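Before anything else, here is the set of structures, which you'll find just below.
One chain, subunit A, links the two complexes that follow: it is found with subunit B in the first and with subunit C in the second.
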Partner chain A sequence: MPLDTSTYGLALLRVDGRRWNELRRIHGQIRTQAAADGSSYLEMGHTKVMCVVTGPSEPGPRRGGAAGGASGGAGSGGQSKDAEVVVNIVIAGFSSVDRKRRGRGDKRTLEMQFTLSNTLAATLHTHLFPHSQINISLHVLSQDGSLLAALINAATLACVDAGIPMTDYVTACTAGSTSTYAANDEGADPLLDLNHQEEQELPGLTVATLGESDKVVALVCESRVQISRLEGMLAVGVDGCKQVREILDQVIKAQGRKMILEGTVDKGTGLNDMDLD
Partner chain B sequence: MASSTNVHLSPAELSYLHTSLSLNPPIRPDGRSPTQYRPLSAETGILPGTNGSARICFADGTEAIVGVKAEVEKTRRRWDDDTIFGENQNQEEGEEQDEGEEQGSSDWVELTVEIPGYRDDDSGTVFLGQMLCEALLADGGFVRRLRINRRFHWKLYLDILLISPPLSYPLPLLSLTTHLALLATRLPKLKSEGDEDPFFDDDWAAAPYLYARNPTTKRVTERPPVTLLVMAVGGNVIFDPSKEELAVADVVLAVSVGDDASSREGGMDVDGRSNNSGRNLKLLSIRTVDPPSRLTPPGVANAANSAYGHAQVVSTGANQKMPEARQTESEAVEGVWKPPRGGAKAVVMGALVQKVLVRGGVADEVLDALEGVDTS
Partner chain C sequence: MPREAEPSLNEKQFVLQALHDSVRLDGRELEQYRPLELTFGDQYGVADVTLGKTRVLAKASAELTVPYADRPLDGIFNIATELSPMTSPAFEVNRPTETEVLISRLLEKTVRRSGALDTESLCLVAGQKCWSIRVDVHVLSHDGNLIDAACFAVVAALRHFRKPDTSMEGGVLTVYTPAEREPVPLSWLHSPFCVTWSFFGEEGDVAVLDATWMEEQVRSGSCTISLNKHGEICQIAKLGGVPVEAVSLLQCTNVALVKAKDMSSKLDRWLAEDARRRDKGGLLAELSAENDRVPDM
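== the complex of A and B ==
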């Protein structure tokens, strides 16, 4: 479906009515699944993702790469000094507008698994769990752009829920640029958080940063983009990641507050001055 | 099946479990009665991008999501169907169409099961999918609903996702979720008539349900099938077994039952609720599921094993030489569980099916409970 991007110049509004620097609605939940060690549910606009974390646990019998995950830590089947991060992404057939069945060997899915497991292996303190495995399975229920970003954010939430020590939040966001051709260089605005339509039409990248810092832990760009615009896109993306971090932080704090009020966990010593309302 | 039900229990623990389950009444590890299901929470219509969707969480934390998508597909003409379009049109209005037209084909439904950590071509996953699909296709009534006209039909894609790790055999969970998703499924309202290319109303609010509601009571008149997992230990019949219970099962059956609405059409509208007890259950399919015990080869004592240098065991002299070896193989030791050998007794199988189908029994109860879920 070709998207008429020419209207952007008139009112500076995007197809879904957002300004260039606005995120879509992000709604997150953690501890959605009682049976898992950690779990989360994340909506970024109409992109809906569920994440379930099992582990760190003893690695099960290897089924000839059946788990489909790329190994995060170096090593062969749990004999390494670091925990292995195995990511498994299931894209439901009903997630897109037209039903499309993706098999296990789908290259795009494999690449996202690889990116995700590398990103998380760098951020999780895997050295604390030698000879073990952290299984992260992600279910895509509905997709409308920024899929990889949503997956990274959901995995972060679930890892926090599972209580796996990590350096900081890994938050991700997409950024794009309004025009695809070189002539219109001055008029091109960077865009934050692309939806599916924009993703089809415009150059875009996914960037993940660590916590509040500007440290980029993952950067994926699959489209052609003018090198002069890359900097702007990256700046907008990193800025978006900080906004996402705030939102994820709120989600986790809200859950923590709830658990303390319910008496699920004891109030820690340092928490006495925390405002519980 | 085998891979999803790895329980690490010692023979003594298994024996304890087996004994307590074969008591009368049986004592289940989680304190349920033999016919009691695990409590569950359910919701439908969770994904606006699908034609119908449902999510069920069992109390033990297992969770599944089912999404249904429909596409219009051209019906392939059957080779023996020599009628010409247009010729038949007039008589179609008035009288009942000939039987061939009414029938659907089983490839109008595509069902996939996704279990995290397992390949989609894993034998267990394929078997699960087949069992669920079989129940739907068993009486041909389901595919008949998908017919649009003589040239077109709906192709229904059912995608079943198990979200949680497979803690117990997920068949009952997946079946109940599929049931609810199908109940919540709506297809766009047809505006075209006859055998024209189909043209639909774009008002989603006008879209009718795949399983029609009664206009006055707003209740579903006919329901999709459910598949129940039943197992027997000794003479006891146990429903919705957990993983540990399955490990000591003698027989495990997956029984699919449907609600046979055709036989009670008359009384249905008149006395809504009270009619439920009069539900006519229809047996659609039965599958035996291999419990883990059946997949464990019984051990052979070293003394009887030719690999240990006792090749002459087969000869006639062996029986006199090692009578104790023969004994250890057949004799049951108190407190040590041995996998059952041999097939299930016909009486037990009969009792299993009987227990499911009996009026006011478990299948009735499950269907009643599912009726309580708001699917509109």
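== the complex of A and C ==
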């Protein structure tokens, strides 16, 4: 264990000075790459992710094997009646402290690709684009915990930018618990949005929900934790997802407002009463 | 790349409609497992698990090696999963499919990351000699719910396994053959079991345990929960798929705990039976080099 978070009990402040239910600073941008169909840049604390969406387009020649990315939803290839969501994650060598190179076949990355592609396939209206492919390419520039959550949020933003019809925002965040896994202390607080240090030594989970509902699209827990802790962690996580949704919504609305003011897009009917300060 | 034939539209609709009426093709309850059977091989550490028509074989083996430079005090523990073309033509050798990657990741998280095997106890000489424990998982027949069956097989194989006894005297490490000293079991801390829920329909409102291959092909989402009998969650993986209410996921976890406890007691019973079968004439107690820790008064 690299560091000691047991000081939490003294002042109820976490290592980075947050309280238990505080998110880190989230900064999002969309339409960062002019050439792409959809693109986004997201920072959750020091975790920084870029996302580029290409498609829906005609599927290109098949790349070999699992390295070509996880296929989502039903069937594979361009033959199915649903669009295929292909996710590719590149984790930059300089993104973490120990500068470790991860190959393409890294199982953890493959699992994240699979999770993302299945999460988005359930939310995007893929049935509107038969025989086609949606390529989502994610680049991790800096890692400081909650990586999967940041990837899901960035992909959501980019898909909105690409104008792919979807049911609602899919937003994700992490939640943890201050108790160590063995201890059964009742006084343990749930924590919202873990950073890297907390992720290393406390039990935690990543949860992704659909819009403002309590519906969980993805739930990933990789640490040992008492079953009684789960309810608290899940509740805090789902609540955090709603906060994240608000923030992402503001990012999208701000971009929309900017585009109308610049005259890039026409102001739609019914938008006359919209406040464009 | 060859692909598995998909079920026809009629078949899909039939299965789904039946599930919505809480009927399964094989007449089981929604939360009922298929009959789980376990046979141990003649050797230590071979477990053959059948779950309905799904059959998984796990074999544990030990080898003396040098520990990793960054972890001089830990032994090595690996789980290798192999889905051969024998199982289904869709699996090819040397080209891991998505299923294979996911199974091996899940087993790794469930058994290795949760600390079920005490890797420090595998170290013999710090930085120089340690045991490398390897479990090979072979899927012999695939009729759905590979994960639960594979996890059960791995845990059973490891708990059944005995590694050669060793001793250190004056800096000399001696490894004893089974003839010299009875092999010793691994230092096992807790037994995690995977329980997989499958969700059906657009809303994911039908939740089913132990799906068959047919059911797996028409499901819209799944969630694998790993627990031990002490009520500790070792891992949860709901990797996308249909959105499910958070409250029903909590209920699923509670039911999963009951199933995990059930599997745990079954495994304990089978292990005890096997130990009795091997212990002919009560010889094992005599052969054991372990001291029963009673102070000599």
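Rule of thumb we're sticking to: the second predicted complex is superposed on the first by the 270 of 277 C-alpha atoms of A that agree within 3 Å, B and C clash if a C-alpha of one lies under 4 Å from a C-alpha of the other, contacts with A are read in each partner's own complex, and residues count from 1 in each chain.
Following the convention adopted for this analysis, a contact is a pair of C-beta atoms (placed from the backbone, for glycine too) under 8 Å apart; a residue touches a chain by one contact, two chains touch by 3 or more.
Since we're looking at a predicted model, the values are computed, not measured.
Colleague: Report clash or fit for the pair subunit B and subunit C bound to subunit A in the combined superposed model.
Modeller: In the arrangement built by aligning on subunit A, the partners subunit C and subunit B fit side by side.
Colleague: First (subunit B), second (subunit C), both or neither: which does A:A121 touch?
Modeller: A:A121: touches subunit C, not subunit B.
Colleague: Hey, is it subunit B or subunit C that touches more of subunit A?
Modeller: C
Colleague: Which angle, as a multiple of 10 degrees, do subunit B and subunit C span at the CA centre of subunit A?
Modeller: 100
Colleague: Is A:V97 contacted by the first partner subunit B, the second partner subunit C, both or neither?
Modeller: First partner only, subunit B.
Colleague: I'd like to know which partner A:G9 touches here: subunit B for first, subunit C for second, both or neither.
Modeller: neither
Colleague: Considering only the touch criterion stated at the top, classify A:P165 as touching first (subunit B), second (subunit C), both, or neither.
Modeller: After superposition on chain A, A:P165 lies in contact with neither partner.
Colleague: Go through the superposed model and pick first if A:N135 touches only subunit B, second if only subunit C, both, or neither.
Modeller: The answer is first: A:N135 touches subunit B but not subunit C.
Colleague: Is A:A218 touching the first partner subunit B, the second partner subunit C, both, or neither of them?
Modeller: So A:A218 only meets subunit C here.
Colleague: With the two structures placed on a shared chain A, what shortest C-alpha distance in Å links subunit B and subunit C?
Modeller: In this superposition, no C-alpha atom of subunit B lies closer than 15 Å to one of subunit C.
Colleague: Can you pull the subunit A residues that subunit B and subunit C both touch?
Modeller: Common to the two interfaces on subunit A: residues 66.
Colleague: Please give the residue numbers of subunit B that touch subunit A in the complex, ascending.
Modeller: Subunit B residues touching subunit A: 47, 49-50, 53, 57, 60-63, 65, 67-69, 71, 112, 114, 116-120, 122, 157, 159, 161, 163-165, 167.
Colleague: Can you tell me which positions in subunit A touch subunit B when the two form their complex?
Modeller: Those in contact with subunit B are residues 33-36, 46, 48, 50, 52, 54, 63, 66-67, 88, 90, 92-99, 101, 103-104, 135, 137, 139, 141-142.
Colleague: In their complex, what parts of subunit C are in touch with subunit A?
Modeller: It comes out as residues 3, 6, 95-98, 101-102, 104-105, 108-109, 113-115, 220-221, 223, 227, 231-247, 249-250, 253-254, 257.
Colleague: Sort out for me which residues of subunit A touch subunit C in the complex.
Modeller: Residues 65-66, 70-72, 75-76, 107-108, 110-111, 114-122, 181, 205, 207, 209-210, 213-228, 230-231, 234-235, 238.
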